[in-house]
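Take a look at the structures below.
You will see chain A twice below: alongside chain B first, and alongside chain C after that.
Then we have the complex of A and B:
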């Protein structure tokens, strides 16, 4: 076969592999250096974490796959995934991992890294905004339930102003501020 | 006086049986087809589970001898051992403690007692060579197929007059009381497993070949170099279960390839400065406490990919592109590597079926099976016939040694 033949003909394999040299091989070290990442490399892909997770059945990437993607260096995919934000932080995966990988904590680390790069889903930014504006996520409203229980319409003495000031000075403030 | 014991094969198993028996006052005849003892363990560099040469451990230090090696000193000091190198057993007749064995003893071109391994003969003719600096007996070997003009000069110049080119093979018939089969294993050359392209690119090797590259007394002085151009190999990929657990080749698990692959992966990352080591596997079987090699490998950053190799595509003479299907991610990954190492099946050695047939032994996947399959006497292959080490199937050195000691103990009990 000449070289021209080779180029013109159909590709030998009909797969488009992920090129390992294009991935970020330093990503695993980045995660490892964060407060909870020290056991990351111990993962042996048993998938106990996924078996333990109450909601991973609806995820595209399951917990064990996310850990694997971190180890492989798929930084972009992990940090822009919805899954790290959908995690309930119930810690069941972390409790059961036979190699003591701090799965939930590692997802927290991922969220922090993603946030730094402004990779935050709209819904989460929305929540942060509410927190900034209202000082609370679940506003107490005067409704029949309170009335039935003989409670005053508003929570007595509740002041969220101080909290609003604090949160403005945090990273949450920056994230929301930066978005506006 | 009782007849001697015949031991076929001088790897760790055969030698252990021989030394144990000899030390207990039993005469032994050890028949080895190669010019040196040691078998497959000769070039293994560090051995699990001690990460050291198995026989240099403390318990054996009382034996005098060069570099404290157990076998060297035994072969030199122990008068009850009759080692016949370059030899094989032609035929065994008789039974039940009274056997006649015909041994073909290869010509003794070099007198090992005289050779001082000065290397002068090697300079004169390529027919002379040194199998390994670790070889035992400590002597060069002569290959008559490569005979040339320089031979005679070598004979004349040899400072100790150790060379005799007129040596002839001999046939010896001996009466022996027991037969111990310790013929070991062979690492399959995976030439037929097309998908891995073994033999088609210099940088595709087997684990045993990698062990030889890592051996500090080997050709590269232990440096991790690409066979193609001698440049440092930085990126290495290993693939497990090549020809094992595969009905097209060998249906069994070769049992120790996971452990030594990870032993190698750890040596590569800890001592040889490899920047990327990946292991493609179906299952990692690091039995018993060998799990620590697996844990250590992960800590060292070795990349484990569960799945199989889709394609091997040589990029040029020095680099290979390897596409792997990652079954955990359901994705295809492309790696570029300098060295591709195949964990090839451990198979029965050549001639094993002859031995099994002629002695009427049980067979399991080509290796020797115990005479009584339900008993726990796995080393008893027949009446006064024993097997130990990897002649019984893939095994590590400690297991081979334990079996060899069990054989010695059985024979000693029978003699009382």
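Then we have the complex of A and C:
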């Protein structure tokens, strides 16, 4: 195709060419080595996952494109994408994949890699803080409602210190600590 | 009498004491012995799985390991807790390296994940261990065939190889109360709860789509067995008048509330007044 051809009429290709020099060929192996990443390479880009996704319309990169991008090695684009955090984790893509690619589980892997590089939405960092400080996402505030239902005002058996100690020593500790 | 380790998680006790109480009451009537677990906290939710896989694995393995001290299965009324616990259980059964890593941490507390106590959703235990036949015997005020739409919740249905849950379980449990199960196009769709922290508008759209699909198919009531789904479908309805100019007035009941009423409990027993969209009209559908 000559330069003159490109200027006339609609583009022959509808997506921008991929810059091969920027690809990280190890990215796919990184994902494959993570939990549920085994079947990654089986993707044949049928886009059934995208058809199944109830919010694909608001995604710039559709689910099948993200999987493709992982295979190609577009590490930076995938790990910086909003899409991985918008994922509902409803597993409809994964349920319908004819190739048994664990699409939703792989997006969880991507989020962990993004988290390792501190690429986490502010609100999620906020939840991490809540988990580390309180040992739970919700605390009983309306104990009179519990008493109305003849329940003990405090949740029986609840003990949050061990939970807090565990996640303080894992990545959550780093994420929250790094914020302070 | 089957005995279980009851894992409440944080959302049900804080936000849905009516769910907790109704569950305990129907369980007692049906001979399920639920014992609150000692020394446990949160499951971390899918958010913890997203940012800190090893932390999520360890806290849930710890919960399972505590249950394994008496060997009974775990039951929980929350889809989110169920998903975390069951996913971790499934993963550690298939990944020896992670199992060793997690157990090295748990050892400090004298705990060990072995994979004996299976995490289960309360409704599945009700269905599998008590059974429809036994439940039927306790139904004294069956519903009059009124249409109920079931919102199963993603994390109990999928991924199926992990959750081992089928939609028929919930359908049979609703049918035994005398209600008709409403088939609706978006039955598989997410309530939107998970995306709430990052995109509220999108979360509301998903809840709205779900409610629209249910009511258009003829549902008079909806039922859920998850606090997060409950928030989305019940509480969010109150805001839809403003955001979408739409009013659904679709009462959303936690499943044990419906079962309890059909078993002859009164509305205070199941905390019906705590439901956000007024649900009292279900009483009119109970027959003697």
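As a working rule, the second predicted complex is superposed on the first by the 143 of 180 C-alpha atoms of A that agree within 3 Å, B and C clash if a C-alpha of one lies under 4 Å from a C-alpha of the other, contacts with A are read in each partner's own complex, and residues count from 1 in each chain.
Simple rule for what comes next: a contact is a pair of C-beta atoms (placed from the backbone, for glycine too) under 8 Å apart; a residue touches a chain by one contact, two chains touch by 3 or more.
Keep in mind the model is a prediction, meaning the values are calculated, not measured.
Of the two partner chains placed around the shared chain by superposition, chain B is the only one that A:20 touches, whereas chain C remains out of contact. A count of residues in chain A touched by chain B and by chain C gives the higher number to C. Look at A:45: by the touch rule set out above, it reaches chain B but stays clear of chain C. When the two complexes are overlaid on their common chain A, residue A:72 makes contact with chain B while staying clear of chain C. In the superposed model, A:135 makes contact with chain C only, not with chain B.
Here chain A touches chain B in the complex through residues 12-13, 15-21, 25, 28, 41-45, 47, 64-65, 68-69, 71-72, going by the rule given at the top. Within the complex formed with chain A, the residues of chain B that make contact are 276, 284, 294-295, 298-299, 301, 303-304, 306, 310-311, 323-324, 326, 328-329, 331-336. Taken in their complex, chain C has these residues touching chain A: 8, 10-11, 13-15, 17-18, 20-21, 24, 36-42, 44-55, 58-59, 62, 91, 95, 98, 105, 109, 154-155, 157-160, 188-190, 192, 194-195, 197-199, 202, 206, 209, 271, 274.
Across the complex, chain C is touched by residues 35, 54-55, 58, 85-92, 94-95, 102, 104-105, 108-109, 111-112, 115, 120-121, 123-124, 126-128, 131, 135-142, 145-146, 148-151, 155-160, 162-164, 166-167, 169-172, 175 of chain A.
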